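Each of the next two complexes has chain A plus one more chain, namely chain B in the first and chain C in the second.
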Partner chain A sequence: MELFIQQIINGLLLGCNYTLIAIGFSLFFGALNVVHFSHGDICILGSFILLILYGISQAAGLFNTLPALISIPIFVFTAVLLTGLFGVFFEKIVIKPFRLSPELMVLVATVALGIVIRETVRISYPQGSNPQIFPAIFPDGGFDISTLFIRYDSLIIFVSTVALISGVFLFVQKTRMGSAIRAISQDIEAAMMMGISVNITVSVTFFLGSALGAVAGILNGAYIGIIRFDMGLMGGIKGFSAAVVGGLGNIYGAILGGLVLGFVETFSSAFIPGGTAYKDVLAFLVVIFFLVFKPSGILGEKVFEKV
Partner chain B sequence: MRRVSTTLTICAIVLSLMLIFSASGNVAFAKTVKIAFIGPLTGPNAAQGNGAKNSFDLAIKQANKSGNFPYKIEMMTLDDASDPAVAVSAALKAVSDKDVAAASGHWNSSCALATIHTFHSFKMPMVVWGAISPKITEYNYPEISRSCPTLVQENVPFAKWVITKLGNKKFCIISDTTDYGEQNTKAFSALCKKYGAEILSVDAVPTGTTDFRPILTKVKGINPSAIYFGGVVMEGALVRSQMKKIGLNKVFCAVSGLADPKFIEVAGKAAAEGTIITKPGFDLDELSGGKNFKAAYKAQGYSEPMGAYGIYAYEAANIILAALKQVGPDDKVALAKALRNIKFDGIMGRTTFDKNGQTELAPVTKLVAQDGKWVTWENSDYAAGKRTLPKP
Partner chain C sequence: MNMQKHHQTKAMAILFLVEIFILVGIILFLKTEGITGTILFIIGIGGCWYIFDRFENLQNYLTSLFQGERRFAIILGLILLISLPFFLRSNPYLIHLCMISGIYVMLATGLNYQLGSTNIVNLATAASYGVGAYTSALLSVHLGISFWLVIFAAGAVAAFMGFLLGLPTTKTKDYYLTLVTIAFGLIVYILLNNLSWTGGPNGIGDIPPPSILGFSFRDEIVLFGLRLPFQANYYYMVLSFVLIYTLISQRFSFSRTGLTWNAIREDEIAAKCSGIHVSRYKILSFCINCFLDGVTGAVYAHYVCFISPENFQFMLSVMVVTMVILGGMDNTFGVIFGAILLTLLPEKFRIFAEFRLLFFGIIIIATLVFRPQGLFPQKLRKYT
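And now, the complex of A and B:
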């Protein structure tokens, strides 16, 4: 029984990661009707920024003066902030120029941006083609709940994902800026007429989405122990698929979609003999199933026409 | 119109100048013979590839210094990035250069299986330095020979050790979906049957998989005495570190796919502890030639360690050089033949090739990870009884 619960935890943690990426896709799609295909690479960019910050401070001997309990949150915060700003910057140079163009152009532009980010990381990081060991930013060990062993890192990942999602939800629902985001996602022209600055609102949306992506990249790096420059490719596709399964543009949908994918993958390798080799196949079959039979996703209201 | 003709004239002058320079270039370096080296210099197995590249480079440098050759020998370094498609284009680059007399290639069996056909159709002799799938030599191409043992040759003493000596009778197999993983699973399963061990589960994962917790949680429920890993460094290290994280305290063993310091680095010193593997060849420190090789490698100041296959790349280079010395660089067919019939006394003993071009020299060394290092089993605290592996 505890093994079954353990598998549920495994699926939940994978789902958390997909959810954090999927929320970004949903935010961007909601705000601008764009599918930001380099979002996965931005997530990995976040984890690489943390890696660089960590490397620099290790070389500078910062850890001797500052305990890890204080320094690591500072690094994570800085990396997330920087990635958010990168997200805003990329929106300005790659997505904004196409605001009035056909959707296909933005799509191609974001795919191209993804390649640029990926290859830049590969070329500029020393031995960037190789997997990099990710610093152990979480405490090792864990605690027992009767026979079940809960690791601290799993707990931190789960709690911070839930906290962030709730934070985003409150931000979007309760703040002035949040209503501006919702307003432009409903009708961008009407929102403009009401005096909402589209540029600022879009920038905030991209900051939010990219920062959440950076958190996803960092948590994933810490969970697994390594990062590689091209991990964002699959991560982005999975995150996007999660958003589509749940209903693109809907935050609850992103959560549901992330969990569906996480559980399908985990359970197919846990309970189907030899199923691990097919876990991606099964996960994407689920995606295809939704695209065919419920293209709006589990919670989506508007029909998703075409990418 | 006048402008066009001026441009054309300039082009013509530039072109002819280029021709002259390239021609004179050829004259100046007429006495250069190239040997191509192909290996994973980037990508997940870069550690293996770079160590081998340096060792190969060392052999070439030593040959040039020896004065045994009336021409300059140059190494052409090509990257296969562990990707069969990249490997084939690297092989095409090697065979299309007329100065290249022979090649040595690949650590990934999938790459070797992709390029041997290219080398065969261009009749270029190729010595495989690190890819250990038995299929490579099963084609019996006269151009292809291999200086390292196959994974079947390697699995035999491994299985004997882990099953009969260490007493592990129940295994869960995790491998990757590449040819290497598949062949390992096949070879080890057959040996399990032979030595009376049981296989409780088999899981194949695509390379690049990073989250093994679902499989390992399942394995925890199956409760085997040992986990056999039929893959390579990166996935192996992740499996090992995640085994520790979920509290799966069992013997973790593999053949030479994990024989690299990088495994311990990625898995972490504490998690890697007690991992048992075999590695083809002898411990270099036990051999006089091995010590010299290590010293020479160190003297060159290469930035990467030689890795488990450095010695094989070094031997492959020397085997090619020995054949080159016998028949010269010009006749590739004769060179391939000379390679097949060679009796080469290298660091690890006498290399001879069987009728398929497979080396008949196949010793293995048993290793265990102890305090963040691969230690020869016989010299380890585990063999001495000071530390114990998880009970079977």
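And now, the complex of A and C:
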């Protein structure tokens, strides 16, 4: 029983990570009908930016006087902000030129962008080809609830993910900019006629998505303690799968898809003998299964084709 | 009459010059080393392409020349391609590069049925290619079956896999279908890595090289009194396969099936309304693509004689998709050009060492930004 609850916690944490990436995919797809294939690499870019910031400040001894409770949130915030700006920048360069061309082009262009990001990270970080040790930004230890041991980092990951997702919900549902995002995702031309600036709205969307991705990368890096320049490829595919399983373009769907994928993976490696090697196989089989029997995702709207 | 004769000779002469120019260009490009040379060459290729693309008259003139003297152009081209290894004799690595380009041309022409003709983004090329390679390797290592039979088995197994992969097309499309293919490709990769009978991460070694009438392809070949390294055998084999693939591709393109695929690409609903069984044709394109990939995989496995899952990663599928899109979708010539260019460029970029893949990515992005429809977009068919 204890093992079971522990696995539920693990699945939840993995699901949180996938959800954060999947929300990015859903936002981009909702806004521009594009699949941003290098999104996973942007997430890893976020964690590397944090690593660089941390390294610089360690070397310069800038924040040694500040307690960790203050300095680490500053680092994380800066890294997330920078990654968000990078996301906006990449959108301007790589995705915007294809707004009128077939959707396929964006796919290939972003795949190439993924190569560029990965390689830049690998080259510019000292010994970037090797796995890097991620700084311990979470406090060690944990606490007991009856017989169950809960680590602080799990708690932080869960709470911050929930907080961020709620924040995104509020932003998209309640603010003026949020309604602009929803408007262009419904009908980009009609939104333009209503005086919504598509460029600014798209930029905000990409900032939001990339920043969430950076959070995912940082939380994941801090949790497992190691990051590698090419981790983003698989992370991106998993996040995309999560978004699709839940229904592309739907934020609730991204959460549901992320959790489904997280639980399938954790449970198959925990409860199936020899399942660790095949956890991805099972996860992807679930993805294919969902797509075949529920083609538009769990919460996706039924798409009626217009002639 | 005399006038016509004169015209013909002139056309032949121009064709001759053009083809020689291309061949010399390829040889020099392969042989250049050093940064300046490579950069100059890349600029040169870009310039040639720009001129060809910019001046429509030139384009039409060359195409009409080629169509007018079709037989001459093809025979001459073949002779030049056959002679290629003789110029690269001193450096087997360059022949190896030509051979690998051929492999990618085979994969890209295969994918073109889906991506180009039918607009299905199939990112499982590595899977079908890998299944073909592993089938052929297992059959020839464990059962000792001849290479020439094994390629068909490899194709058949891969085609069956393609059929399975194509079944979801009845329900899904667009990005969802793309994700199905991605997931499928990753599943195959993970299985190859973890199953015991595929050798796991160690792969399969000691795959016997193909042989004809006792002549092993691993032996050096003597042609016209010149000794060629053994890679030349494989080069000629791949060359003949490329010709067959191109021929098949041309025949399909001008057949009713090709037309049907294009109809599906342009508008699926309209195609359905015209009585086209959309799913059936999509599955057909999956099967053909995977069959060709499987055969290619068998050829590759018997060339390198050692295969491991690392050869069949997701990035390979991405690469082949990029070749088709960059070259020009549904245009066999463009696809061949894209495949060769994208195989040779990263190799040439080795001089940039660390920055190799970075430049590669930047070039792809730049090309797409400035030329979203590919380098050589397909023209409408002419039925004359």
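The rule we apply is simple: the second predicted complex is superposed on the first by the 300 of 307 C-alpha atoms of A that agree within 3 Å, B and C clash if a C-alpha of one lies under 4 Å from a C-alpha of the other, contacts with A are read in each partner's own complex, and residues count from 1 in each chain.
Keep in mind that, in the parts below, a contact is a pair of C-beta atoms (placed from the backbone, for glycine too) under 8 Å apart; a residue touches a chain by one contact, two chains touch by 3 or more.
Just so you know, these numbers come straight off a predicted model, no measurement behind them.
Participant: For A:L164, using the defined touch cut-off, is the partner it touches chain B, chain C, both, or neither? Pick first, second, both or neither.
Facilitator: neither
Participant: Which chain makes contact with more of the residues of chain A, chain B or else chain C?
Facilitator: C
Participant: Pick one for A:I42: touches chain B only (first), chain C only (second), both, or neither.
Facilitator: Touch status of A:I42: no partner.
Participant: Identify the partner contact of A:N130: answer first if only chain B is touched, second if only chain C is, both if each is, neither if none is.
Facilitator: First partner only, chain B.
Participant: Check whether A:F240 is in contact with chain B, with chain C, with both or with neither, and answer first, second, both or neither.
Facilitator: In the superposed model, A:F240 contacts chain C only, not chain B.
Participant: Classify the contacts of A:Q7 with the two partner chains as first (chain B alone), second (chain C alone), both, or neither.
Facilitator: In the superposition, A:Q7 contacts chain B only.
Participant: Just chain B (first), just chain C (second), both, or neither: which does A:A109 touch?
Facilitator: second
Participant: By the touch definition at the top of the document, which applies to A:I226: first (chain B), second (chain C), both, or neither?
Facilitator: It touches chain B, and chain C stays clear.
Participant: Touch test for A:R151: chain B only (first), chain C only (second), both, or neither?
Facilitator: first
Participant: For A:P273, using the defined touch cut-off, is the partner it touches chain B, chain C, both, or neither? Pick first, second, both or neither.
Facilitator: The first partner, chain B, only.
Participant: Common interface residues of chain A with chain B and chain C?
Facilitator: 277, 280.
Participant: Any idea which chain B residues touch chain A in the complex?
Facilitator: So the residues of chain B touching chain A come out as 42-44, 46-47, 81, 177, 201-206, 208-211, 213-215, 217-218, 220-221, 234, 238, 241, 245-247, 265-266, 268.
Participant: With touch defined as at the start, can you tell me which chain A residues reach chain C in the complex?
Facilitator: Its residues touching chain C are 29, 35, 93-94, 97-98, 101-105, 107-109, 111-116, 118-120, 123, 233, 237, 240-241, 244, 248, 277-278, 280-281, 284-285, 287-288, 291-293, 295-296, 305, 307.
Participant: Contact residues on chain C for chain A in the complex?
Facilitator: Answer in residue numbers: 115, 119, 121, 167-168, 171-180, 182-184, 186-187, 190-191, 193-194, 269, 314-315, 318, 321-322, 325-326, 354-355, 357-358, 360-362, 364-365, 368-369, 372-373.
Participant: Which residues of chain A touch chain B once you look at their complex with the stated criterion?
Facilitator: 3, 6-7, 10-11, 14, 127, 129-131, 133, 149, 151, 153, 223-226, 228, 231, 234, 265-267, 269-271, 273-274, 276-277, 280
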